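In order of appearance the chains are A, B, C and D, and numbering begins at 1 in each one.
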Amino acid sequence: MSDQERVLTGSHFLLGDHACAEGAMAAGCDLFAGYPITPSTETAERLALRMPAVGAIFLQMEDELASMSALVGASLAGARAMSATSGPGFALMMENIGMAAMMEAPCVVVNIQRGAPSTGLPTLVGQSDMMQCKWGSHGDYEIVAYSPSSPQECFDHVIKAFNTADRWRIPVFVMADELIGHMTERVVIPPADQIPRVERKRPRHKPGDPSFLHCLAEDEDLVPPIVHAGEGYRVNFDSLTHDEKGYPATFPDPHDRLVRRLVNKIRLHTDQIMEYEEIFLDDAELAVIAYGSTARSARRAVNEARKDGIRVGLLRLITVWPFPENKVRELSKQVKAFVVPEVNLGQMSRETERFTSLPVIGVNHAGGVMMAPDPIFDTIREVAKNA
Amino acid sequence: MRHDIRVAGFGGQGMLLAGLLIGKAAALYDGKEAVLTQSYGPEARGGASNADVIIDDDPIDYPLITRPDYFVAMFQEAYERYRPVMVKDGILLIESDLVKPWPDEGPYRGIPATRVAEELGRRIVANVVMVGFFSGATGLISAHAGEQAIRNTLRPRLVDLNLKAFNAGYEYAKKQEAS
Amino acid sequence: MPEILVEAHPIDAVFRTDRLPHIFCPGCGIGPTMHAYAQAILESGIPKDQHACVSGIGCTARVPGYMDVDSYHTTHGRSIPFALAIALVKPEMEVTVFSGDGDLFGIGGNHFIHAARRNVDINVICINNFNYGMTGGQAGPTLPLGAKATTAPYGNTEPPFNLPYLAAACGAVFVARWTALHVRQLKDAILRAMQKKGFTFIEVLSPCPVGFGSPNDIGDAIEEVWLYRERCVVNHDAYLPDLEIDLRRKDVPFVMGNFVDIDKAPFDPLAMMKNKGE
Amino acid sequence: MAGVSVRQPLDRKAVRIPRGQLYIIPERCKGCRFCIDFCPRDVLVETTEMNAKGYHYPVVAEGKEDECIACQFCSILCPEFAIYTEETVEEESVE
């Protein structure tokens, strides 16, 4: 294996954390800024080795506050920028995740979730940052989060994350978990020219054009073109509420206009962003919704239940955010109940409840061990019996 | 068909590498599916360390092992800890100098992997000797795949030694069968 | 010749004039420092397009919004890692952090010490007005012992930071302190900082009539500036631990100067790769 | 803003005395008095006029019309960028 190449085309037997790193490499990540934290450290270690060899910048920052700030700075200077962390570090990043949303700075954060709250279970699995991911920073804003169920998806989702971030000018998260981060499986890396790449929308105006308003979204997608440092536009990026020119405008009307656009550019385009996998849902009377490592156990439980003649299907989330609310509404007309297993005490199950009046039965564990198939299977059988 | 393999030793014995070579051989060179997970204590050396590998012809959903079908024990404590959870009629492989099976133990196979490694000049390759032994004794990974995994995992200057270690373990298994 | 009344200023060329007048209080020291920075930009010979100005939050942090360069008004305390990233991604750019004492040394202190340690190629201009001005005059990490603030109504009991000493200890290659009255020396120091590779730091003692002058019975900005004028001495070779500012001890001067000017390789994350080839 | 430049013969004993023309932007002034207090030649005083915000901006004091030497200290010190000087050159012969 040559470490000198950006894209290690071929089949590999890769750790999930390393697959995240290779996804970043393949996506053309220019700058990584992070702070070592279990169980995400192997991503940083791999990039520390890989990035300098191709002339990209690897930074071990003093903390996650700095890491996230550096991501926004790098992004607005034109770089594809990423960090990797786990719950405690993710919490520290929240402040500047808000800044990334406000300045519309595309960037990617991988969160290898561990047991929480607080220092919690550093080396053991958790899925309890799902709501922090969506609502962690202050204010209304929208993000996109992917949830890989395998090292292959760690690789694939990081690439998707960069493209989604650049397409919509938002921070995008890859919400893996310790189990996926620390498991090793085959990862197939395609040839470099087959790695999908979405370029950022760039201004049509030349530098110095006084009619250019760099925070004005002229297109239907509500995404303004991005200008990078040093290109001669000499514009202001502000964490304060700002007007279309980028100037501070701390008044109710411009605030509503800006925040509504930041939210709507995602909410109105969820169909283009959202991804999920449907397994045995066609004739299902019962739907399991699962993501990350838990989706693997859910798949086994569903297979076992099918063998027992239970008509159960699996909606496996690829994007946890945006949540497939329309799919849940649609399934609500078909199934009798939802079963939502997750390694937390009920996060996405509550989100499911928002879009259905049917029973939503959580299968929960606070963390430290992967959700086993048995409790999911038992719940499926129980619910099927009563339904 | 799914095969759950647990390779257990103490930290520093290279159990993770052993698991990685088995999984990589299966996933990349034998055309099968394989998953490797690991667990270890907080100490870097000396604590219990095991690598769990699943090899299957079909994609693997649940990646954890609760009851191994194949159990490789590299020292006594690992044997005593995990032997009880091995499935009935599971296949047991031991480091025969370091593990003394219980009197009621059924059939098993052993190799003095550390001593074999020492004879090759480096006790550190005992893990790879065991991988070779595993390949020879179980046939779950082919010798060719094991060798490929070694070539594509280890640093070039270590490849020859490790290939020797693998082959020593593999041949030991084959001779054992013949005798 | 009598004065001529006009509507524009030559230095406007470096400002976003559509945003003037700025929001700073009458007599605030940020204005003169901004002017010195603008003048240094003009004299640097580096085109405006290649300057970036980054700030955190606070009064001083509003400066980038008025500068006609690429500007970034970031979150409280986090300007330095933001600037660091721009400087690394666009090494041809002259990146200056322009922020206040509370932002840079209270909430952002950790980033300052690490950027200085790394010798990142950025300039940090700190307006030190001894308090959190924008939020209404609370005690900051540079408030002199005994001085009053809204959160130190009986007088500050905490020893303040000696910023030049701190910056030098962390490894800055250029360290200076001037006041908002020493505008020429200040401009020269900023220009010097722009010419240097590596982490440079300039502290600017600045009047804050509302947050600091008033509670400490100094009076208006003009009186505070007179205080600097009377107490300041210039000593480029000063012993850095002696640079503490104590308002109560009239026998202890406020020492100004360009205290550190050394050369060290600036931070380059790819340095080891480049050395490999040699 | 360039001043008038006059070529001087080499053989002539003359020194150039810079003279300054003051420019003031009344609406920017916030009345801090920095320019007045710190003008090295004490050229400026507050006007009795008020700008829109009620501040008395600086003007050249009576009798000081020839005192400004265009040192530009007021210009760089003014927190509001409300004042500047330009150099005009006059010649004075010196014995």
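The criterion applied here is as follows: contacts are C-beta pairs under 8 Å (C-beta built on N, C-alpha and C of every residue); 3 or more make two chains touch, one makes a residue touch a chain.
The structure displayed is predicted, hence computed values, not measured ones.
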Inset, instruction - Determine which two chains are connected by the greatest number of contacting C-beta pairs. - result: A-C
Inset, instruction - Can you check how far apart chain A and chain B are, centre to centre, with Cα atoms defining each centre and the answer in Å? - result: 36
Inset, instruction - For chain A and chain D, let me know how many angstrom lie between their CA-based centres, rounded off. - result: 61
Legend entry - Whole-Å gap between the CA centroids of chain C and chain D: 28
Legend entry - Inter-centroid spacing, chain D versus chain B (mean Cα positions, whole Å): 88
Inset, instruction - Once you've mapped the touching chain pairs, tell me: line, ring, star, complete or other? - result: line
Inset, instruction - Provide the full list of chain pairs in touch. - result: A-B, A-C, C-D
Inset, instruction - Could you please specify the touching residues of chain A with respect to chain B in the complex? - result: 1, 11-13, 123, 179, 182-186, 293, 296-297, 299-300, 303, 370, 372-373
Legend entry - chain C - residues contacting chain D, complex: 1-12, 15, 20-22, 24-32, 35-36, 39, 180-181, 183-184, 187, 220-222, 225-226
Inset, instruction - Flag every residue of chain B that touches chain A in the complex, lowest number first. - result: 20, 23-24, 27-28, 33-38, 42, 60-64, 149, 152
Inset, instruction - Sort out for me which residues of chain A touch chain C in the complex. - result: 30-31, 33, 52-53, 55, 57-59, 61-63, 65-67, 69-74, 76-79, 81, 95-96, 98-99, 103, 207, 229-240, 247-248
Legend entry - chain C to chain A touching residues, read off their complex: 16, 19, 48-50, 52, 54, 57, 62, 64-65, 68-75, 77-86, 88-90, 92-93, 110-111, 114, 269-270, 272-273
